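Structures for review follow.
What follows is a pair of complexes built around chain A, which joins chain B in one and chain C in the other.
Moving on, here comes the complex of A and B:
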């Protein structure tokens, strides 16, 4: 057998019943490695192609990283559908199963605390974009003189900035309203157009830790917000359920913004 | 004004909530969403591993910057998405539509960089971010 290296995808409670896994990175077989009360979801990657040198060489190569990142994510997503899983960052490589066991024991307290934190909950993502219609709302009439031009221009600018202020306020309200249905919620930096693949400006990049039983209500609320007339000019998108990436790993609970 | 349909909820598939929950993630998630999470958010349990994570940490920083602002990333000389061989080869191989989309998006973005609305919207998003954190 060729030389292999251990890659861990995430950590669950050892007694968690799990269904068969989808294929892992490089079509490897995914299985569970237990240590005490915890279990890591792992697969063995061939050192040739996925050794440390390959990761280092390809650290900025999106073409190489994308399929790897997607497989890592797919395995976690599959597990998260039914179980609480603490996602590990890509890559989580170990020389052998023994060193993974050591790592699990060393981080045991943190992992168990995170598992309690996300037990029975999943992450949903809601993004709000400003549509093109809203972006070009200030239309001015052609100016006939320099003075007219300046007046029109300053009027346009102030109309635009107050419209922006309103949109921002509305987005804050949306985030807070969704937060009310969530155990925890966090507002991430808006993604740039290169990453989002969208011309429209992203105004909200929110993540919400939602109880499994509350998901239908949460989605209903997203629908209501999107249909509400006050969100005219905004496009609301929801995706999930995600593994709880945004609600694991930090020392404290994720920032829940205070309601104003 | 008033053309409905451009706004509104977009979720996939366009069916009832229950249906949606059962078939969540029917299409592959956006690369941005996946990278943002798997490279930046997951936790690290190092134990006694001898893996040098420096390059990966660097990548994480790059991703974080890119998530924040392409302009800022460019200022700092980070442009791997422009010089990436894989991405630039895609003109020929048009099979993987999502990635060629990415190339097109890049071109569109570069074409729009000098237009003032782009600049304004970037500034607005920074302000937005600053407010979001306060």
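Moving on, here comes the complex of A and C:
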């Protein structure tokens, strides 16, 4: 058999009952490697194609990276449907199962703490965009004199900045309202238009750690917010459930504000 | 396409959302494989090179990504 390397997707409690896994990266078979009270979800990848050299060579090669990232996520998403799983960040490679066991033991306390943190919860994402209509509104009629022009322009500017401030305040309220239904919540940097392919300005890029039993209520609230007249000029989008990528791995519980 | 991928179709997740999470989030546990790459920043750079021409976005926005 060709030389292989261990890819680890995520970590669960060793006694966690799991259903059959979807195929791993490169259609490899996914299984569980236990170490003490923890278990890593793994598959063996050919070094030729997925080793360290490939990662170094392909770090900016989306054609290579995207299928790896998608399959990593799909395996985690599947496990997260029924179990608490700590997702591992890519690249997540180990020379052999012995070195993975060592890594699990070394990080045992952190992993067990994260498992407790996300037990019975999943991550939802809510994004709020400023719609195109809202961005182009508040333009006055053409001025007829220089003085008119200056007055109109000054009024336009202050109307725009006040409208912008109102939108920002509304977005803060939305984030807080969703946070009230969440165990933890975090406001990430807005994604930029190049990567998202979206022309509208992103005003909120929020992640919410929601109890499994609270998901229906959470989604109901998202719907209410999207339908509310006070969110005119805003479009609200929800995605999930995600494995808890935003609520694992940091030393402290997530906070609510990020700089924008 | 293999039998396996037909049985387990991938969800349609936006690439940027995926990358934000699998490379920008989650947990790192120390292995003995150490990569000589800067991780997420390099990947974002690669994404920009691929996506920017398609979206025709102002270069100043491209260069301003994640400078905070």
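Simple rule for what comes next: the second predicted complex is superposed on the first by the 255 of 260 C-alpha atoms of A that agree within 3 Å, B and C clash if a C-alpha of one lies under 4 Å from a C-alpha of the other, contacts with A are read in each partner's own complex, and residues count from 1 in each chain.
In this text, a residue touches a chain if its C-beta (ideal position, glycine included) is under 8 Å from a C-beta of that chain, and two chains touch if they have at least 3 such contacts.
All of these numbers come straight from a predicted model, not from anything done at the bench.
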item: Partners on chain A (chain B, chain C) - clash or fit; value: clash
item: Partner chain(s) touched by A:240 [first = chain B, second = chain C, both, neither]; value: first
item: Touching partner for A:86 - first (chain B), second (chain C), both, neither; value: both
item: First, second, both or neither for A:106, with chain B first and chain C second; value: both
item: Partner touching more residues of chain A, whether chain B or chain C; value: B
item: Contacts of A:55 with chain B and chain C, given as first, second, both or neither; value: both
item: Touched partner set for A:223, first chain B, second chain C, both or neither; value: first
item: First (chain B), second (chain C), both or neither touched by A:22; value: second
item: Contacts of A:190 with chain B and chain C, given as first, second, both or neither; value: first
item: Chain B versus chain C as contact partner of A:201, first or second or both or neither; value: first
item: Overlapping contact positions on chain A, where the chain C interface meets the chain B interface; value: 10-11, 52, 55-56, 59-62, 65-66, 69-70, 72-73, 77, 86-95, 99-100, 102-104, 106-107, 110-111, 114, 125, 188-189, 191-197, 239, 242-243, 245-246, 248-249
item: Complex contact set, residues of chain A against chain C; value: 5, 8, 10-11, 22-23, 27, 52, 55-56, 59-62, 65-66, 69-74, 77-78, 86-95, 99-100, 102-104, 106-107, 110-111, 114, 125, 188-189, 191-197, 239, 242-243, 245-246, 248-249, 259
item: Contact set on chain C toward chain A in their complex; value: 2, 4-5, 7-8, 10-11, 13-33, 35-39, 42-52, 54-55, 57, 61-62, 64-66, 68
item: Partner chain A, residues of chain B touching it in the complex; value: 1, 3, 6-11, 17-18, 20-21, 24-25, 28-52, 54-56, 58-60, 62, 66-70, 80-81, 84-87, 99, 101-102, 105-106, 108-109, 117, 121, 124-125, 128-129, 131-132
item: Chain B-touching residues of chain A, taken from the complex the two chains share; value: 10-11, 52, 55-56, 59-66, 69-70, 72-73, 77, 81, 86-95, 99-100, 102-104, 106-107, 110-111, 114, 125, 130-133, 135, 137, 164, 168, 171-172, 187-197, 199, 201-203, 215-216, 219-220, 222-223, 225-227, 231-243, 245-246, 248-249, 257
